[in-house]
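Consider the two complexes below, in which chain A is the common component and chain B and chain C are the respective partners.
Let's turn to the complex of A and B:
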């Protein structure tokens, strides 16, 4: 059987060298820097003051609004200050700085109940109180996903194990070592959603990890092998490849009765519900030119410079440091930036920047766009002082800019179109379907 | 006979042409739009830039509004003295507009966070990590205002920031819309002095910019500012327009600025 996939997409060199490493733990740094805007949505509100003592796992900030998350301390120690600190977005944002006392005193855990006895609302409450956000990159609060609005029903939970970005192997190593816990976590999440079916989508370039999952699959929990192609892990692309359902333009997976969660998130749900451990650390891939690459559990808020020093220092010639994958990740410009819950990898890169030439109108960008857009339009229209009206569907996967033979920064033009569209309040026609059909079927 | 055809064609065409001409002449009389001859005169007096500073879509639309009495004459900031004099001969009530000029509220000199290599417009650069400067207020110097200026009064100069030639600036305000950072401001030309900094940081400014105002308060001190024309608000000096009678008041206040953030309009 041919592995399922979506139309478009690219095949960047995979560089999954760090997949050979098993998960290890990075020692906690002297100080951790926890940004209050740690998740998608409103920044959290600090509940500690300067000088307060905190324990490992105790709450230091609470959500401010529905789309917002709890933040827990990954170390025990004293709150040194709450001030503006460089964030991976390049801005300076409020952060709680905790001085580590290296005693690792854990905060008292709450009552742990058998997950099979918990009501769906209780599960999402535990998830909320544990500060779990989507670990795929967007850091969307997981409890919001786990409690669909009334009237919407989720029938299928899709677990995203694609990890389609080059270099990143954090999810793969997690599946290899914790497959049983991930399956358990998926069951708990499905219980919270009252979903009947669980499908785990995994690319076929991770045979070991896929085998671990296949060994534990059942009638209810299916594992679907997908073609290795970028962006296979994009939410809409994954849903289409796994179930054949198309999420409407500007719609949510909820509209087709599906919820998508990353394997890391599902594992965090397991740890929170079964072990009572809040989310304050995660597996991060240290890839590319790291002196000591690997898949490492890093406490949230550890400074980039500390991580690099723990792993043998900064190699010469490195001219770009990226948080996340090379396709969608964010280049950081300050060694003081801490990792957050959303950081799936840190890459030290080295190489020539691409030069920009005139557009050849080859439309390679359109042929690879997984959303069926014409990325070139955003570039041509921006030059004419206009915005590309379909840019709102762009998820900024970067496939167009990757294939562009002229090296045009198309994602930046698409972002500009998005900005100008949102400023002019252009209403998009709702419900129109833009996802192209699969070219080779599934 | 074949020769008859030669006569029929011109006769038929001539008759048809005459009929159409008659139709056009009649409809011209019936559908005539009466336009005030003043509109054409006013439009001729206006600079014809269609800059939109008056609030109308074009000079023609503004001219029509002026003649209809829906808009005052002083709205056109681009009109020169000669055309205003001309307008005064048509309308007795015409008054000269208050001359305003655009000023760049940044003197440059901020440290750079990272070398920016993306789309070369300020609008695009401002989306990437709030701009590539350590200062989140400063001019990015990629020239969006330069492209927007219909008078060619703005140039990105040797300092890497936009500079206004105030003798050319008509105060239409198009550059203000073009600037994603809000660095440009329109001030009355009579005021003459302005602060070339927008950073609301206090002492931290010194960490990233040598020209930044760090709210030391000398310009607002009693000694140099006896009439209270300058006040420090949100870590920046603000000119209290009501108390200002003479730009010399600002000169004495700003002359002691340790970073020379007070600048003068260049006429």
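Let's turn to the complex of A and C:
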């Protein structure tokens, strides 16, 4: 049978060399820098102040609103300061800085109950208290996903094990080594959602990891092999590939009775519920030109410079540092930026400037767009001072810009269209005149 | 150790197929048919290719300098020059060839603003100019065997009702334009472009399908004197036009549905002109006609994007 997939997509060089490494642990650094805005939604509120002693796993910040998350300290030590610190977005944002005392004193764990005796609401409460956010990249608070609003029913939990970004192998190595825990975590999450079925979607370029999952599959937990194609792990693409359901434009997976969680997230759910361990560290792929590449458990808040120094220092042939994968990751220029719970990989790259030519109107962008958009329209309409009305359906996967022979930064143009569309609350007719776009905007 | 790092928005990786690579692939695809044209026409072909490529570059360079822009060799002038030369009668005086490519590059490309902006295929526009300026020279053909004046398979069919053997037309050992005669080698190049995804399959597919369909209708219902579908598919400039001229993305509608109509329209006009016009061949004019229609075809609504129709329903339910 041909593996399931979606329409469109690209095949960037995979570079999954780091899949050969098993998971190891990075030592904790002298100081950790925990940004208060480390999840999707509102920044958390610090509950510690300068000089407070903290233990490994103790809460240092609590959610401020529904879409917000708890933050735990990955080390024991003293709060050195709470001040603005460079963030991977390029801004300086409020961060709690903790001086590590290297005693690794753990915070007392709460009482752990048998997960099969917990009510759905209790599970999502544990998930919330453990500070679990989506580890696929968006860092959406997981408990919000696990407690669908009344009237919405989730029948299927889809576990995203695609890891379609080139270079990244953090999820793959986690599956290889912790498949049983991941399955257990998925069962707990499905229990919280009252979902009948669990489907794990995995690309067919990870046969070992897929086999680990297949060995543990059952009537209720299915493993679906998917075609290796970027962005197979895009939420809507994954749902379509495994179930044939199309999430509506501007809609959520909930609208088709599905919840999607990353493998890393369900593993964190397992650790929180079964072992009482909050989320303060994660597996990060250190790839490309790292002197010592690998899949490494890194405490949240560890500075980039510390990570690079622990792994043999910065090679000379590096002019670009990426947090995440090469297709959607963020370029980082400050060695003081710490990793967060959402950082799935760090890549040291040599990036050449892409030469820009005139648009050939070849429509390669449209033929690879996994959302069936015409990315070139955003560029053509921008030149006419207009916005592309369907841009809201764009998830910024970068397939169009990857494939553009003219090197046009299509994602930027799509973002500009989006920005303009979201400024006006009504859905606009195609190509309607909009507020003038500032040339230096986002 | 303060090091500087590059900042850019994602993606940070790009496919290797940039504009020069696209053009390079087109030249690779043309290579077999070009090699065959050297075999057929010898020095004449070599001179025509050189003159056309030289003047394509010269006029592009001059125009870019006049417009005070920087010259970037993206390879499009090379492709235009080669394609233009392939459409010329081998006996055409070299000066005429130079006029044609200069006209095509200047009027067909740079008056519109250069690569990416032109409405008409520059090579075909140059050829249309020569048809108007030097009709006699543009319609006199020589035999590859003895260089004596003769008729192409299409004009033999049109004006004296003779039908060439299919085998000879397929291989291309017959009178015709410099690079158009070997349907098989052009198909080979076209297949290469399709496999490499350099051209949109819709255009040649619907172009050839329309020619095959219309010529079958006439052949089977109106009489054998209209020529068989095989004859029409493999003679004249159809393969060159369908795979290399009509597929020029700049002159296509930026719309997949529009491109289907574009291809089919090319086929329709080709057969219309072959059957009912004063010319035996209609590929050049049919592509130019559809080029003119491309902006209109672009207005056809694109296919809905992913999940878009559900969202309309959602809004109605609320």
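Here is the rule we go by: the second predicted complex is superposed on the first by the 425 of 442 C-alpha atoms of A that agree within 3 Å, B and C clash if a C-alpha of one lies under 4 Å from a C-alpha of the other, contacts with A are read in each partner's own complex, and residues count from 1 in each chain.
Assume a residue touches a chain if its C-beta (ideal position, glycine included) is under 8 Å from a C-beta of that chain, and two chains touch if they have at least 3 such contacts.
These numbers were taken from a predicted model, which means no experiment stands behind them.
Peer 1: Just to be sure I read the superposition right, which of the two partners does A:372 touch: chain B = first, chain C = second, or both, or neither?
Peer 2: second
Peer 1: May I ask you to decide whether A:89 touches chain B, chain C, both, or neither, giving the answer as first, second, both or neither?
Peer 2: Touch partner of A:89: chain B, not chain C.
Peer 1: Which partner, chain B or chain C, is in contact with more residues of chain A?
Peer 2: C
Peer 1: Is A:247 touching anything from chain B or chain C once the two structures are fitted on A? First, second, both or neither.
Peer 2: second
Peer 1: So in the superposed three-chain picture, is A:357 touching just chain B, just chain C, both, or none of them (first/second/both/neither)?
Peer 2: Touch partner of A:357: chain C, not chain B.
Peer 1: Determine, under the contact definition given at the top, whether A:333 touches first (chain B), second (chain C), both, or neither.
Peer 2: Both partners, chain B and chain C.
Peer 1: Examine A:412 and indicate which partner it touches, taking first as chain B and second as chain C; both and neither are also allowed.
Peer 2: both
Peer 1: What is the shared patch of chain A, the residues that chain B and chain C both contact?
Peer 2: 90, 331, 333, 409, 412, 415
Peer 1: Going by the contact rule set out above, which residues of chain C touch chain A in the complex?
Peer 2: For chain C paired with chain A, touching residues are 1, 3-15, 17-19, 21-22, 72, 74, 114-117, 197, 200, 249-250, 252, 254-256, 302-308, 310-311, 313-314.
Peer 1: Quick one: in the complex, what on chain A touches chain B?
Peer 2: Contact set of chain A toward chain B: 89-91, 331, 333-334, 353, 382, 409, 412-413, 415-416, 419.
Peer 1: Residues of chain A touching chain C in their complex?
Peer 2: By the definition above, chain A touches chain C via 10, 12-13, 90, 166, 236, 240, 246-251, 255, 314, 318-322, 324, 326-333, 335, 347, 349, 351, 354-355, 357-364, 366-367, 369-374, 376, 380, 390, 393, 396, 398, 401-407, 409, 411-412, 415.
Peer 1: Quick one: in the complex, what on chain B touches chain A?
Peer 2: My answer: residues 113-114, 117-119, 123-124, 127-130, 136.
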